[in-house]
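After the structure tokens below, expect a handful of questions from me.
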């Protein structure tokens, strides 16, 4: 029979989900985090098995585009932690996402669940630094000092969020600043986790495009690394979670999405300073002083804008 | 050879034989040969078809690449750099080994081929841990030993010289193989007579020894150039930071973009294809007069005046190629996180447990083993069939097959990956995303190595073995099963193991063919290197090295380094 | 049991297409009686192995017939071509061709197994065979653990174990060193006298041919040049080619007359009389005189045409070279017991040849140096 | 110009470490006078090439001295070891060792170029040399475009072009076929008589040694077993080893008495008298009798100890094998002209050996079969 969302309310959805028996989740989060939320979900819904796959945002996009382009149903039920707003918007417009409708949706501000794109985590770009080599977090200005030459780690500008970050840098600190940063010969990596490890090892001193979760993970191992929100303030991007409407397990997808919205789910996703939660008072979640964090306004970044940023960035760093 | 025409009766005016009797088994074999050729040519044709499809759009996409011209230039410079370094070192090594005392010869020969068993992706990641400017183990060690006060250097792995160095380091083994085989087969008295006629040792090497193995030199220069042009792993892993892009990484980027632009990628591969063809053609020409260089006797090892100290360069080479990357991978894999300092108290096997508890990693290992095993089996069967065919038949089809089966060597893995993707992957068979397409690609890429080994095994078998069996009453099939197959067993085993090693290392084509769900060890290692935790990366790489090491032991112990002669 | 072998107008061309085909055998007729020991003798490349391989069925001739006993093995005109395994022959190869992956026992048992002989019978017959070639103790060894002579014997055992009526030999002794070659040649002759089989034996070595053959076939460029018992062939070579190949010197001359039954030839080295009387030769014709090295005597004679270029000790006999002038290519090689020679280097000499030993042929001599220009095959190819 | 070669107490061990070293040469003394043609003769592996290579300087001996003319090439005790390129010798290799990447001209010019001879002079001297070996027309060819004999001649030209005082030859003819071998051997002898050089020539072929040597050195296991002109060595082999190696039959006996100058031996094949008188042998001692195949006569005698096992036609002579019993391994090989033989297969015979031809040695005979057990190298390995 044609899969679809059960019509008879939340209990019906849960029952249908249990009948579906499993849910496929793609997540760009750290593997441990994925494992943690998987086991928490599975112990709550014992009849639903989670097939989780770690996959970075770009790959999620490539893979899905291929499948949908070939008119095949998506092989994923729930995306967890994709930051590419524009792309998700496109999918939402084509009706690929179900609206969240679980009991936990009640406490959520509608702007954080618009178009079925649930803000699972808010990630500010943080300044990572090596605590053995630096007494305190460097400011953006510090990065231009000679001792930072070759010792700065940056993410490449492939993800849209980073394009926005660099663009913001340009508007906030000036074109010249970014040029000087490029002149510092930074190490370019594809993932903050990798930059973080290079900072922890001492290969790099600092990374302004850091991600709190990666830092916390290394700290737990005893690595000499910490992070700070720069005084100049920082950009933040949202990692969205969605439930697919035309996948193999649409009901289970909704149940999983609801779990993401639950205080328990939010606790896991944002634990240990790894992200900012939409819900207030989530224990362990990162808290950013007021006014120091700006969510990226995706309306300011249409495709051609992103392309021009990309060309500009590659001219400097590529 | 016998015709298998049935013994006819006296009556020649009988009705014509039924059709199935008239189709001779021979023509069936030729037909299979043609099918095989078609299968080999199909991806290349598809590349050209696709490249010539929407040339305008592709051209625009290519010219839109910001650093295209620097990338092309880089490709040329890197290739030339690799060739120069690899050929000089390879030739020097081969000459050292040739002048060793006889009882050391085999060991030294084996030693110098060991770097071939180092998985490229693991090697490059290993070198990152060795030569990262601030906390690379090698840098830290050197700074401590030399008392350098700086907190970085002297090496910086993310640089053009290091990309050349790492790539060339493993090309040396190839050059060594060709040159040292040629030296061994050349007549030692050529050198000795030059000495007697008044030429010093050094001048003799220059004037007599090297020129007399000119074909092998040309051949290895050609191969090194091709491999250098197609280099992918080091530029991909180090290039972003070193700001060094090459044509293969640009191709990869085109195919991994969203949406992937296969047309542009294929168009970009055309120059590589063309250069490969030119090199092959030039090689064929310069090898034309091979007969001049065939020596009457192979006296080789016997009479050269041995010099023991010449064992030092081979040892230095092997130690350099294997120990630093492997050791640093092991150190990192045992540490909780990567630092330049070694703290034994913190070490544990945690990363290994982690890797083995992560389904995606375990999946990639089992997927690799599955794909590689299937490919090896397919590769051996096909290699044996092709080898038998091209050694037995002098037909045009056989010679054409012999030529086509050699083509994949000339082309970069990424080009072949792309060709396979658009032919078998996205073509009428629509195999993209299946293990089968990997199996096809791996067989396509590495069957030639198996075929060569089996051919050389076959040519070592005199016809008289077969003939004796036939005359003794064994039919053609029985002769094949009881005489030929058992005698080929060793060749087939080592062919299989060699293919196993090469396939399990395959990276470039796999990068093109992989999907999120179907990853092999090398591509998973690449992802881990880019997105993952270094100790886990290191543990995964160590596992990969260990698998290769096991294969190396099997190959090298079955029949010594001769198994590697290609 | 043994069977006669008859080959009629055999032709073999290598290389399928007509233009570049190498005609290796060109109309060969061979008849070897049941139990006879036929030897094909000829220089390298004359087609000996090719003939042998067609008998075995390993090569398909382009024309002719091959019959063994009553069975037609090959007949082009009737489209008959028996597969090798159906011919029931034995064959011994130059390289022995012992299968390296089988023990001596298994090697020898192979032909029996292929004929589905019973287990116990195989054991006993292989045992007997190994005893015959005095190699019982090596049954469990592998070929590479044996000396060349032993390998050769095993190859023989493997061939004879199936009691073939016809056994083919392709230069089976040429890989052995001189001493062993002679020893095994004798053993082979002995075996042939003990076990009945028809032998077709290929060699380029005269001594081997003489020692084994009951019927000799001298081959030249894919044809049979002369047939007969070795003694006859040696003493009456049919052509100058055969005489030269068997080691005779030959030099040019012109027939100047007849004395009774003797032909008188005015040769480069002086007047020679000969009892041989080749057809179609008359006074005034150019001719070749040939004589074996041990059949030429020398007499000092200041007016003699020859000069002793060198006289060297050669073991059992002296080796003397006589030429028309010191630097001339046209040389005679003479080999005589030391006590029969009283000439010295530089002496002018006259040849003394018994008319019965002087062979005369039509035409001009072929010199060794004419034959030398074929390039030597290289053993290494890359 | 030619110079004498003196080798004193030469010792060579292969393989540096003492335990597993192969002592290939073990105290060899060789003296070859200026302009002499010295030949080292011995079976494979006896160390011939090793000696030659030490003279050339390609191998370093472990002890001894090598002197050429007044110049000490090697002296272990004085730590002198001239490099090969400083010795100014010529050398011809078995494999010819022509450099495949150079034309014939360049090959021959190489030694001159290394000695910085002037351009014009090189051209003329190479031309002369090529003329001498009759290969002028091949100057521009590459070695692979020449036949084996031509290659050999070029190798000779290359060696002689530098006018070396001493020329070393390492089995230079063994790769050629029989006919060519004899021809080139003669040419070499001629060249040596025309150009003055001292030759040190290595071979395992007796005929070659006899034909070339003015002084023969028979080697055995790294030692010189006998030295002398070929004739002397042949007629008076110093030991049974030398006699056997030169082709003599040998069989066991016991000394039973003396008759005047003759020794009487009661041998396996009957009573033999001999004029040879080896030292230290007295009545009652076991001894070996040896005689060359052509020096043994046969007389039918029903009470004779020998049986004619086979009698076969062998070209110039009959080949007769005599044994103690039909199946016995202990065989004598006799080679006599057909007219001197009137025995038949199966006859009991008595040996007739001229006392001057009967050689007697202490000890027991070594049989060919004892020597056979060395494994031969296989060309195929699996």
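Lettered A, B, C and D in written order, each chain numbered from 1.
Keep in mind that, in the parts below, a residue touches a chain if its C-beta (ideal position, glycine included) is under 8 Å from a C-beta of that chain, and two chains touch if they have at least 3 such contacts.
If you're wondering where the values come from, they're calculated on a predicted model, not measured in any experiment.
With contact taken as defined at the outset, there is no chain that touches subunit A as well as subunit B.
Centre-to-centre spacing of subunit B and subunit C amounts to 51 Å, using the average Cα coordinate of each chain. With centres set at the average Cα position, the gap from subunit A to subunit C is 90 Å.
Distance between subunit A and subunit D, defined via averaged C-alpha coordinates, is recorded as 89 Å. Shared contact sites, meaning residues of subunit D that touch two or more other chains, fall at 144, 175, 379-382.
Multi-chain contact residues of subunit A (touching two or more other chains) are absent. For subunit B, residues touching at least two other chains, in rising order: 291, 293-297, 462, 487.
Inter-chain contacts occur between A-B, B-C, B-D, C-D. Those residues of subunit C whose C-beta lies close enough to touch subunit D in the complex are 44, 95, 100-101, 143-149, 151, 175-176, 179-180, 182-183, 186, 189-190, 206-207, 210-211, 230-231, 234, 246-247, 292-294, 309-310, 312-316, 319, 321, 331, 333, 335, 368-369, 371-376, 378. Partner subunit C is touched in their complex by these residues of subunit B: 1-5, 7-8, 10, 12, 182, 185, 215, 290-291, 293-298, 462, 464-465, 467-475, 478, 482-483, 486-487, 489. Those residues of subunit C that touch subunit B in the complex are listed here as 53, 56-60, 78-91, 93-95, 97, 99-101, 110-111, 114-115, 158, 162, 168, 378-382.
Within the complex formed with subunit D, the residues of subunit B that make contact are 101, 103, 187, 189-190, 192-201, 203, 208, 211-212, 214, 291-297, 299, 303, 305, 308, 460-462, 487, 490. Residues of subunit A that touch subunit B in their complex: 26, 31, 53-56, 58-63, 65-66, 69, 75, 150-151, 156, 187-191, 193-194, 197-198, 200-204, 217-218, 221-223, 311, 314-315, 318.
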